[in-house]
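These are the structures in question, set out in turn.
In the two complexes that follow, subunit A is the common piece, with subunit B as its partner first and subunit C second.
For the complex of A and B:
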C-alpha cells in the first residue's frame, strides 16, 4: 500500500512541479503576485510530496519488500538495516528519486525566502520557473523511464543483494553528498537564467548566488573525498584517484565550481566579469548533468559498474541539451545587456582570479576531452599518464599564483610588496623541494616539484593572515588582536588554499614515495615493509552477518592486523577488507589475496603522508564552509528590500 | 633430498611476477605501470588481480629475462593488443586533437581575453576619478 501511495506521490509531485513552474512563469511575466504566491505554494507542496515518496521507498527497502523490483534487485534480507536503507539510493531508480526529491527540496528554499519577504518575489518567481522546468524534466525522466516502485509478481523469496563493495559507511554517504553538490548547482543555474531573463546580473545577483555556489562546491568536495577514501581502503590496492571516467565526471563540475566560487566573488565585490560568471553558473550545472549522464548511460566503461541503460542515457542527453542549450541561447540574446567590466591593472586580485578561472576551465576541458576521447576514437586508452601530465601542466600556473592572489588588492595590487611577502614561503618551498630531490632521493623530479608546490601553497596560506594582521609591522600584541579580528573570508581562502597544499603533499608522499610489495607468504612467513616486519601468524575462517571470510592474522611491529577476504553468498566476487596501521609518517596497508601455491597472496604497502590527502580535502571543505558563512552574512546584509 | 628442497623452494617462491634482479624488476614495473588491464574497466595492469593483468605482468618479465629491450617489449604488446593497452595514448593523426586540443583551447581563450572590448563607460577616467566613481556608487547602494 505504501508503495502504491509513494508511486502515486511521484506522479503527483511531477504535476505539482509542472504547476509550480507554470504559475511562477505566468506570475513573473504578468507581474501577478497571486500567481507567484500560487507558484511558491506548488513548489513547496511538490517538495513535500517528493520527500514523502522517497520516504516510502526507504520504508520498502527497510522492510525488505521484495515484491518491489528495485528492492528485489538491490537488497537482501540478511543485510544490516543501515545498508538496507542505503540500498534505496544504491541503484539507478532510487538514486534518481533521491535526485528529484533533493532538487525539489532545494527549490523550496527560494520559495520560502520569497514568501518571508527575504528576497524579491519577482526574482524568486523567475528562479522557480527555471528551476521548476529543470526539476520537471528530471521528474518526468524518473516517472516515465525509471519507476522505482515497480512491482514483481510473484515476489521472490529473497533479494539479489547490494554489491558487497558498496556496503560501506563512506559509500552509503557518498552519493547523497555528491548529489547535494550537483543539485545545488541547479539553483545557481536557475539564478543565472532568472538574471538573464531580467537582464540584470550585478553585485546583488552575485551576492545571492555566492552562498549556493559555495554550498554546492563544499558538498561536492566532501562527496568526492568520501568516494576517494572508499576507493583507497575498499578496493584493496590503496589507490585514491585513478582518473576513472566516473571520477572524472564528478571532478568536472568540481573544477568549474571552483572557478565559479572565485569569479562570483569578483562580481559580488567589483560588479565585474558578469558575463563569464553567468556562463560558469550555467555550465557548472551542465557538467553535473553530464556527469550523471556519463555514469547512468554506461557509455564509458568504469570501475563503477552500475546498472546501465543506453536508452535512459539518451533521455538524459536530451535533458542536458535542452537545459544547456536553452540557457546558452538566452545568454547569447542577453549578453550585451548584462556586460559590465570594471577596469583593473595587470597586477591585481582580479588578474589572479582570471588566471585561476582560465586554468580551472581549461583543466575541465582537458578532463572531458580525455575522458570522452575513447568514445570517438577507438583503439586508444586515455589513462593517468595523460591526465597527470596535461591537467598538471594546466593548473601549474594557477597553483603558483594562488598564494599571491590574496596578497594583492582589488583593482591595482602592489606587486613588489606581494613578492616580498612571498619570499619566506618560496624559500621554505624550495628547501622542501631540494630536500625531497637530494636527501630523500625518492621519486622523480616531478614529485619534488609537486612537493615544493604543495609547501608553497601551505606557506602562502599561513602568510596571508600574518600579513593582514600586521604582526611584524604593528607589534606582536596588537598584531594578535588584529589576527583574531580578521574577516572570515581571509580564513576561508587560507584554509582552502592550505588544504590544497596539504592534499598535494599527501599525494606526492602516497604516490611517489609509496612502497608496494606483493608476495605469496606461507603461514609463519614474513615480509619486510618500511623497515618493519609483518609476519603471517595464521589464516582463520570467520562468519559475518551476511558473509564468510578468510581472515589473516598478521603481526606487524607490536600490533596484530587482521585483513580479510570476504565472500558474500548474495554477491559473486570476493571483497577485500584491508588492515591499516597508522604511524607518524604514514600508513601501512595490508590486503589479503587468494590462497596460492603453499601460502596466501599478501599485498603489503606503505603510503607515506597519505592522511594529509584527507586532512587537506577536509580543510578545503572547511575553507568553503567559512566562505559560505561569510557569503551568507553578506547576502543577508545587502539583500534588496 | 636437495632436489626435493629445490622443488619446495620453487613451489614457495612468489609467482613469476617478480624478478630477482632489482634493476630488471624496476624496468618491468616501469613498463607494466603504463599498461591498462583490458578486461577490468579502468584499472591498470599493476592494480588488478585479474588473470589478464597477471598474464601481462608475467609476459613482460619473461621478455625482460629473455633480454628484450623495453622498446621491443612495448612493440610486442602493441602488436598483440594494439595501442589500447597503453595508459598514455600515443601521438597519432587521430589523437592529435586529444594532445593539442587543450593547447588550442588555451590559445583561443587567450586571444578572446586579449581582444575583449574594454568597457566604454569608465575607460576614459583616471584611477582617481574611477575610485571616486566607485565611492559614489557604493554610497548610492
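For the complex of A and C:
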C-alpha cells in the first residue's frame, strides 16, 4: 500500500512541479501576484510530496519488501537495518528519487523566502520557473525511465542485492552529500536564468547568488572528500584519488564551482565580470548533469560504475542539452544587456581572480577532454599520467598567484608591497622543496615542486591575516586585537587556501613517498614496513552480523592491527576490510589477502602525510562555511531592490 | 597604456596560454592514451613496454597461485587466450568466469599486469570487456544482468 501511495506521490510531485513552474512563469510574465503565490505553493507542495515518496521508498527498503524490484535487486534480509535504509539510494532508481527530492527541497527555499518577503517575489518567480523546469525534467526522467516502485510478481523469497562492498557507513553519507552539492548548483543556475530573463545581473544579484554557490561548493567538497576516503580504505578502488572517470565527473563541477565562488565575489563587491559569472553559474550546473550522465550511462569504464543502461544515459544527455542549450541561448541574447565595464588595473585583486578563473576553466576543460576521450576514440583509456601532467601544468600559475591575490587591493593593488609580503612564504616554500629534493632525496623533482607549492599556499594563508592585522607595523598588542577583528571573509580565504596547501602536501606524501609491499607471510612471519616490523601472529575466524571472516592479528610496533577478509553467505564474493594505524608521520595500511602457499598474502603500505589530505579538504570546506556565513550577512544587508 | 592596448595584451596572453594548454593536452593524450586489445587482437599490441589494457572473461579453472604472491590466469574472448601474470592481491570481485579488464605490459608469451580493475557491483561488466566478448559471440546475456527495471 505504501509503495502504491509513494508511486502515486511521485506522479503527483511531477504534476505539482510542472504546475509550479508554469504558474511561476505565468506570474512572472504577467506580473500577476496571485499566480506567483500559486506557483510558490505548488513548489512547496511538490517538495513535500517528493519527500513523502522518498520516505515511502525507505520504508519499503527498511521492511525488505521484496515485491518491489528495486528492493529485491538491491537489498537483502540479512543486511543490518542501517544498510537496508542506505540501500534505498545505493542504486540508480532510488538515488534518482533522492536527487529529485533534494532538488525540490532546494526549490522550496526561494519559494519560502519570497513568501516571507525576504526576496523580491518577481525574481523568485523567475527563479522558480527555471528551477521548476529543471526539476520537472529530472522528475520525468525518474517517472518514465527509472521507476523505483515497480513491483515484481511473485515476490522473490529474498533479495539478491547484497553487495558487501556497499555495506559501509560511507554509503550513508557520501552520495547524499555529493548530491547536495551537484543539485545546489541548480539554484545557482536558476538564478542565472532569472537574472538573464530580467536583463539584470548586478551586485544585488551576485550577493543573492553567492551564498548558494558557496553552500553547494561546500557540500560538493565534503562529498568528494568522503568518497575519496572511502576509495582509500576500500582495497582495489585505486586509492584516495585515481583520476577514475567517476571521480573526474565530480571534479568538473567542483573546479567550475571553485571558479564561480571567486568570480561571484568580484561581481558582488565590484559589480564587474558579470557575463563570466553568469556563464559559470550556468555551466557549473551543466557539469553536474554531465557528471550524472557519465556515471549513469555506462559509457566509460570505471572502478566505481554500477549497473546501468545506455538508453537512460541518452535521456540524461537530452536533459543536459535542453538545460544548457536553453540557458546559453538566453545568455547570447541578453549578454549585451548585462555587460559591465571593467575598471581594474592589471595589478589588482580582480586580475588575480581572473587568472584563477582562467586556470580553473582550462583545467576543467582538460579534465573533460581526458575523461571523455574514450567516448570519441573507442578502445582507448586515459590514465593518471595525463591528468597529473596537464592539469598540474594548467593550475600551476593560479596556485602560484593564489596566496598573493588576497594581498592585493581591489581595483588597483600595490604589486611591490604584495611581493615583499610574499618573500617569507616563498623562502619557506623554497627551503621545503630543496629539503625534499636533496636532503630527504625522496620522490621526483615534480614531487618536490608540488610540495613547495603546497607550503607556499599554506605560508601565504598564514601571512594574510598577519599582514591585515598589522602585527609587525602596529605592535603586537594592537595587532592581536586587530587580528581578532578581521572580517570573516579573510579567515575564509585563508582557511580555504591553507587547506588546499595542506591537501597538496598530503598528496605528495601519500603519492610520491608511499611504500607498498605485497608478500606471502606465514603465521609467525614478519615484514618490514617503513622501518617498523609487522608480525603476523595468527589468523582467527570471527562471526559478524551477516558474515564470517578470517581475521589476521598483526602486531605492528606495539599495536595490534586486525585486517579481515569477510565472506557473506548471501553475497558471492569475499570483501577485504583493511586495518589502518595512524602515527605522527602518516598511516600504515594493512590488508589480508587469500591464503597462498605456506601463508597468507599480506598487502602492506605506508602512506606518509595522508591525513593532511583530509585535514586540508576539511579546512577548505571550513573556509567555504566561513565565506558562506559572511556572504549571507552581506546578502542580508542588501538594499531593497 | 591605453585601455584598448591593455585589453589586447590580456587577450593575447590568454590566447597563447589556451593554445599552449591545448598543445600540451593533445601531446599528453597521444603519449598517455592506453589502448585496449581483446585477447584475439593481442598480437597487434606493442612489445615495447608501453602499458595497454586487455579484457574478456577469466577462463574457468585458469587461476593459479604461487607461494610468493604471484598469480596467473587466462583472459579469453573464446577466439583466443591471453595468459596473464600478476603479483599481489586481486580485487574482491575478481572471479573465474567473470568479465575483467587488466592493465599492464605485453611481453613475449605473457601479459604482465600492473592493475586488475575491480567493480563495485557484481552485475556490472566493463563495457570494453563486454564488447570484446560480443564480437566473438562469446557473450552470455543470461549471466549478466545489465540494468534493473
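Going forward, the second predicted complex is superposed on the first by the 634 of 641 C-alpha atoms of A that agree within 3 Å, B and C clash if a C-alpha of one lies under 4 Å from a C-alpha of the other, contacts with A are read in each partner's own complex, and residues count from 1 in each chain.
Simple rule for what comes next: contacts are C-beta pairs under 8 Å (C-beta built on N, C-alpha and C of every residue); 3 or more make two chains touch, one makes a residue touch a chain.
Since we're looking at a predicted model, the values are computed, not measured.
On the superposed subunit A, the positions of subunit B and subunit C overlap enough to count as a clash. Of the two partner chains, neither subunit B nor subunit C is touched by A:177. Contacts of A:137 after superposition: neither subunit B nor subunit C is touched. Of the two partner chains placed by superposition, A:527 touches none, neither subunit B nor subunit C.
When the two complexes are overlaid on their common chain A, residue A:42 makes contact with neither subunit B nor subunit C. Of the two partner chains placed by the overlay, only subunit B lies in contact with A:340; subunit C stays clear of it.
In the superposition on chain A, contact is made by A:147 with subunit C only, not with subunit B. In the superposed model, A:245 makes contact with subunit B only, not with subunit C.
In the superposition on chain A, A:575 makes contact with subunit C only, while subunit B stays out of contact range. Touching more residues of subunit A than its counterpart among subunit B and subunit C is C. Judged by the touch definition given at the top, the superposed model places A:92 against subunit C, while subunit B stays out of reach. Within subunit A, the residues touched by subunit B in the first complex and by subunit C in the second are 236-237, 301, 303, 305, 358, 362, 366, 369-370, 373, 377, 379-383, 385-386, 389-390, 394, 518-520, 593-594, 596-598.
The residues of subunit C lying in touch with subunit A in their complex are 6, 10, 14, 17-18, 21, 24-25, 28-29, 31-37, 51, 53, 65-69, 87-93, 95, 101, 103, 116-124, 126-128, 145-149. Against subunit C, in their complex, subunit A makes its touches with residues 69-70, 73-74, 91-93, 146-147, 150, 163-166, 235-237, 298-301, 303-309, 312, 346, 358, 362, 366, 369-370, 373, 377, 379-383, 385-386, 389-390, 393-394, 518-520, 571-576, 591, 593-594, 596-598, 601, 603.
Of all the residues in subunit B, the ones that touch subunit A in their complex are 11-15, 17-18, 34, 36, 40-44, 47, 49, 82-90, 92, 94-95, 97-99, 101-102, 105-106, 109-110, 113, 116, 118-119, 122-123, 127, 130, 134, 141. Those residues of subunit A that touch subunit B in the shared complex are 203, 236-237, 239, 242, 244-245, 301-303, 305, 339-343, 354, 358, 361-362, 365-366, 369-370, 373, 377-386, 389-390, 394, 412, 518-520, 522, 593-594, 596-599, 638.
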